[in-house]
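Shown below is the structure under consideration.
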Amino acid sequence: MTRLLTDLPQPTAAALLDDDSVVVQPVGALEQHGAHLPLNTDLVVPDAIATAAVERVAAAGVDAWLLPPLAVSKSDEHHWAAGSIWLEASTLWDTLLDIGRSVAATGAGSLVFVNGHGGNTALLGVVNREIRRRHGLRTFSMGSGVQRAGDGVHGPDELGMGIHAGHSETSVMLALRPELVRMDAAVRSVPEHIAEYTTIGFNGYPVSFGWTSDDFGASGVIGDPTGATAEYGRVLVEEGTAFVARALTEISRFRHRG
Amino acid sequence: MTRLLTDLPQPTAAALLDDDSVVVQPVGALEQHGAHLPLNTDLVVPDAIATAAVERVAAAGVDAWLLPPLAVSKSDEHHWAAGSIWLEASTLWDTLLDIGRSVAATGAGSLVFVNGHGGNTALLGVVNREIRRRHGLRTFSMGSGVQRAGDGVHGPDELGMGIHAGHSETSVMLALRPELVRMDAAVRSVPEHIAEYTTIGFNGYPVSFGWTSDDFGASGVIGDPTGATAEYGRVLVEEGTAFVARALTEISRFRHRG
Amino acid sequence: MTRLLTDLPQPTAAALLDDDSVVVQPVGALEQHGAHLPLNTDLVVPDAIATAAVERVAAAGVDAWLLPPLAVSKSDEHHWAAGSIWLEASTLWDTLLDIGRSVAATGAGSLVFVNGHGGNTALLGVVNREIRRRHGLRTFSMGSGVQRAGDGVHGPDELGMGIHAGHSETSVMLALRPELVRMDAAVRSVPEHIAEYTTIGFNGYPVSFGWTSDDFGASGVIGDPTGATAEYGRVLVEEGTAFVARALTEISRFRHRG
Amino acid sequence: MTRLLTDLPQPTAAALLDDDSVVVQPVGALEQHGAHLPLNTDLVVPDAIATAAVERVAAAGVDAWLLPPLAVSKSDEHHWAAGSIWLEASTLWDTLLDIGRSVAATGAGSLVFVNGHGGNTALLGVVNREIRRRHGLRTFSMGSGVQRAGDGVHGPDELGMGIHAGHSETSVMLALRPELVRMDAAVRSVPEHIAEYTTIGFNGYPVSFGWTSDDFGASGVIGDPTGATAEYGRVLVEEGTAFVARALTEISRFRHRG
Amino acid sequence: MTRLLTDLPQPTAAALLDDDSVVVQPVGALEQHGAHLPLNTDLVVPDAIATAAVERVAAAGVDAWLLPPLAVSKSDEHHWAAGSIWLEASTLWDTLLDIGRSVAATGAGSLVFVNGHGGNTALLGVVNREIRRRHGLRTFSMGSGVQRAGDGVHGPDELGMGIHAGHSETSVMLALRPELVRMDAAVRSVPEHIAEYTTIGFNGYPVSFGWTSDDFGASGVIGDPTGATAEYGRVLVEEGTAFVARALTEISRFRHRG
Amino acid sequence: MTRLLTDLPQPTAAALLDDDSVVVQPVGALEQHGAHLPLNTDLVVPDAIATAAVERVAAAGVDAWLLPPLAVSKSDEHHWAAGSIWLEASTLWDTLLDIGRSVAATGAGSLVFVNGHGGNTALLGVVNREIRRRHGLRTFSMGSGVQRAGDGVHGPDELGMGIHAGHSETSVMLALRPELVRMDAAVRSVPEHIAEYTTIGFNGYPVSFGWTSDDFGASGVIGDPTGATAEYGRVLVEEGTAFVARALTEISRFRHRG
């Protein structure tokens, strides 16, 4: 049976959902991913992972339902690259709040954003609270769990910075949509001097910084896609699916007061 | 070859597009469609029609390209029905302007909204001008061409009001996604007294009026789906595809000053 | 007795209005109308027509009341012409919603926008629903009914495109305010090549398109005013008044559920 | 010759205006004025005064031009009274900025708001600067100069508080539109205890305070209209006209750097 | 005991406040004040005055409480001077409304803005009403009472225009923070030709006008600081404190209906 | 010498700043911190840490400058507690962008937000990019580095959740402002069941969730302040100062392209 909520007629959907239901909104993006990955990379991945994870947990009894992916989001760091289709922060904010309002009206208790684009992460953190305060929904956001920097063992050493069109993302696309990947156009583009800073960095550093993807070079890539393989991509897809599935399972029983 | 622009890497897409290019944005909706049609009816239909039409005209030499469909839009007339996922008018306005700004940056000369939901039509008319004034794109909007009221010959007489989940829309869904249609739940719901007014009506009348779909009854249907058939649906899909294809062909050569 | 609601003291007005009352808001515009018609053409016309129609139906027992005309509206298609005074779409949107909120508080059941400027039509369509959803008013919008393209019999052939400062509008102004019309400055400016498109056009075509009035030429005229006459204008004024009167009469008894 | 700018065709208007031109925008309001004055009092007065003043100074060689009055504005202090038609502060803000942008495009050097409603005064002060900073226009705002409290000599003693539907305003309406005034419904309503405060008050006090007109009583009147006369009204109309004329004359030669 | 409300734990603060409580929000600004006064002049002054006045009235039994000063506000007239930190009018509007909403939730009956920057005065007037209408608080705004033009007796003759970094303000800063004042950089900059206008002027004139501080000259000063003294400053600080204290005392017993 | 930029006159400040300059904006908050800590805890701490760190690095030759702290920010998770003074997300967004625009105009190359309130962290992440994209500034945000959960060795075991008014924050306030702390009112309030989730949590978990501080209990505390000491607080203050100083030093030489 389909887990796409919107495949159901309205009275059927409304009757199925209750406080234990978990509605999952994949959040995609359309933006430059170098010369070797398609513009829709960040739409393909979270949609695939979220769909697989929802089906997996639903089979195990979790009342989880998908919404169609949000295709466009806040790709303003790629605004310089013709072909990036991007929303202003305020537009994405309004969109997510409207979705939150709509989901709150269904009677479902939880809304989860499974996000394919790192540029949305912070905004989703703000939105989670806003929807909860306004509408009372339990709200959650997470990445699709397939992004990690190559460390010289699993792929080339990306110095902790394989965050955009690099080793892991390219591998995942080789696994999911190989016909859209042009490995001959893949180039290494790691802003190595950033690694010299001890407090400032992309992820896991105590200081956040503002950047657009042309700040570091003309390719738009931040990482090293040259050694990507479909085999490693399949490992990441399975790990991502397992992670999201585990998270959805916990979410389905999460209550703020225990 | 795919005509989905976002299947291409950014440099490839940017190199392909020029002033003769036509970018097509299907505009869907997620909203109640009675008890017999799924919530995503207005997403399924324009996406199918737009995709088929773009492929057809591209095969004939028109430089047309698809974007992924916008899944959610302004379904505020169905706000009362849990499961309708809808954007405020201002949110859709901002979203469409952001898309217009993004498409203008690609170098393509024309942007076309192929719209599956009547509740967006007026707003699209406003947006067309705004994008043109701000960004200089040639802008166009149209329905997907498959909606028409049953007249007693082709289907039951819907008195000109088969505008939502009625004869034509149900037939089209029987053609496109029969597994999502529940004909046993289909009911006739035509607000027959509206036909008595000579100046006021849904389409083609000189006086527009404000309404939400529960203004006319509890079913949310405006029309008579009971006689819908997949066969008639296939006729409408072909007619809609042919209409959009013809429009895209004209659009590709449309210039304001001839 | 005056039918201008705002000529009454507040307690008197509040006591008169009930669910059967129809409040009429003329919507004007201040914008270039070529070299022969004044900037306030689209304010003069709907105010005259709406006033005459309200008086006519009130005399026949319809509880209709006028508001002072909105002088400025969304003339963004004429932004290039110094002297056009225009509101952003969002400003007009907010203005109309504020008027809707205010009228809803009076106890009147219906609000009607009689609109003199085609550039407002789509936005009014969006507003009608928003006011109804937010405030519960019955809402309606219509043109003032005096615009029609010359067809070679009634005036020069405008190829269906006498939409701005053309034959009918110039004739109406010759009837209403002849001292403001400079027939010696009237020129024909019909974008004839637009008539070649079968799907795209100004009115009554399935494809809408974005345009500003300088897209078609430097005159700002879209039509052929050269043969306009006061006599034909008087016919149109009477027809427009009769049309609005008939519409108001229907509106006064219109109920969504019959 | 008419001084209504919008009575002119666009090319004529554009050719006439230059840096020495002064464009005058009357700002009206539609709001409760007790049981004896019409809702449009604050529209009638500034329109009459501004029109007379512009004609007077134009006859003396000042290049001043009128715009049609803004009928609706920020009457939020009368929101409780059905029949008050009022804009949110943000809507009026946007409206005035749009007018400022439009006037700046004409080539005129100065824009003047002649304001009939005290509730707009502060916002106009903010707007003046915003338009100047954004668009470079010289901007000015003033009241229509006919409001003053009765002092026991000229009319009843209003304790400095005849600010709404009181002695002066009622007299002016008796002069301008006597058929709309219902003296038999006029009542004294002066919030006398406010006069006890030495720092807080309506006008000319160092402390401003927030109020709505129902804060002081149910009548909506703040003042004493019972002794109003048309004769005194005519004096005030002449004084107001003379004041606005003198101000427009100064404005026409005002330059920030002398 | 501290009168800074935010020095208290939340339950303590909530328990103390009731309808008789007066919450005082100093409103500062960061903006050019010529070459002799620091950027934070308009923050230092109202904070000092408000703090002293609150302590004084609290000692006399008025239940007044301070909030930390708002450091940044609407200094758009100094936007041209690098180092001015300024909010858009809409940002300050939203900020003040958010503060009003928050204070209304405390149970305090009155909110007072003690404002150090003339550029905020008009906006505060608008805000007072908006907060009262939305939240029911009694709202007040005032300057800090230390600004007055030198008249040739008390300081140099500033022709009524010592409004920015002139005699009084410089004297006050010499009294409050002498180490931040550079008297050797003080220059007289009085736009003397403005005094020729009889209707138009900075304060107390019937016509308001839009200006930025570079409209009158390059120094950014409007006044004559050259003769400022700490001694006169101390007089002004005491007068300002006494004025605000008197106002707060009246505010604490102010009721709209007596 | 003071490092408060706004202690300087405008020409002095403008002359000092160049691309190597780092402007530091402390971001405070006013919100409930249980019954034992004052409402201004999150204002006191970042202001103290940022001031000390700026002075330290300035002494070492870094061209760092302070702005006055932003007192109020996005404390919406404490909206339920009277005395929390909080901005809507959109208001804080606008405020930070206005500050960014203002700082960009000074010529300084870098802007750093030192943030005392966790509820701002995500929004600051979004703002960093927006300011960089719009204005070209290098932008950074960080916490003040004094918050860490007690682990049973350093203080009571807070299960990784001492995030609000807990062990570390209370200790820091005992070090900085002991007179404002009421240890007798301190209570342990750790939502222990949250620790059972492996994917969902406050910090450092892959799934973010929406919450308000009353979701977990009535005290508003999330942590265990009962064992807090001034001694430990002094250690944290020094560590926080050292961290911010190290970060500012790196920021002063940070360049996106190395």
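Per-chain residue numbering starts at 1, and chain names A, B, C, D, E and F are given in the order in which the chains are listed.
We take it that contacts are C-beta pairs under 8 Å (C-beta built on N, C-alpha and C of every residue); 3 or more make two chains touch, one makes a residue touch a chain.
Keep in mind the model is a prediction, meaning the values are calculated, not measured.
Between chain B and chain E, the least number of touch steps comes to 3.
Look at where the CA atoms of chain A average out and do the same for chain E: the two points lie 48 Å apart. Contacts with at least two other chains are made by residues 79, 90 of chain D. If you draw each protein chain as a dot and join the dots that touch, you get one closed loop, with every dot joined to exactly two others.
In the complex of the two chains, the chain E residues touching chain D come out as 76-77, 79, 89-90, 93, 119, 121-133, 137-143, 145, 191-194, 197-200, 206-212, 215-217, 243, 246-247, 250-251, 254, 256-258. Those residues of chain B whose C-beta lies close enough to touch chain A in the complex are 4-14, 17, 28, 30-40, 43, 67-72, 79, 81-88, 90-91, 94-95, 98-99, 102-103, 105-107, 180, 182, 185, 220.
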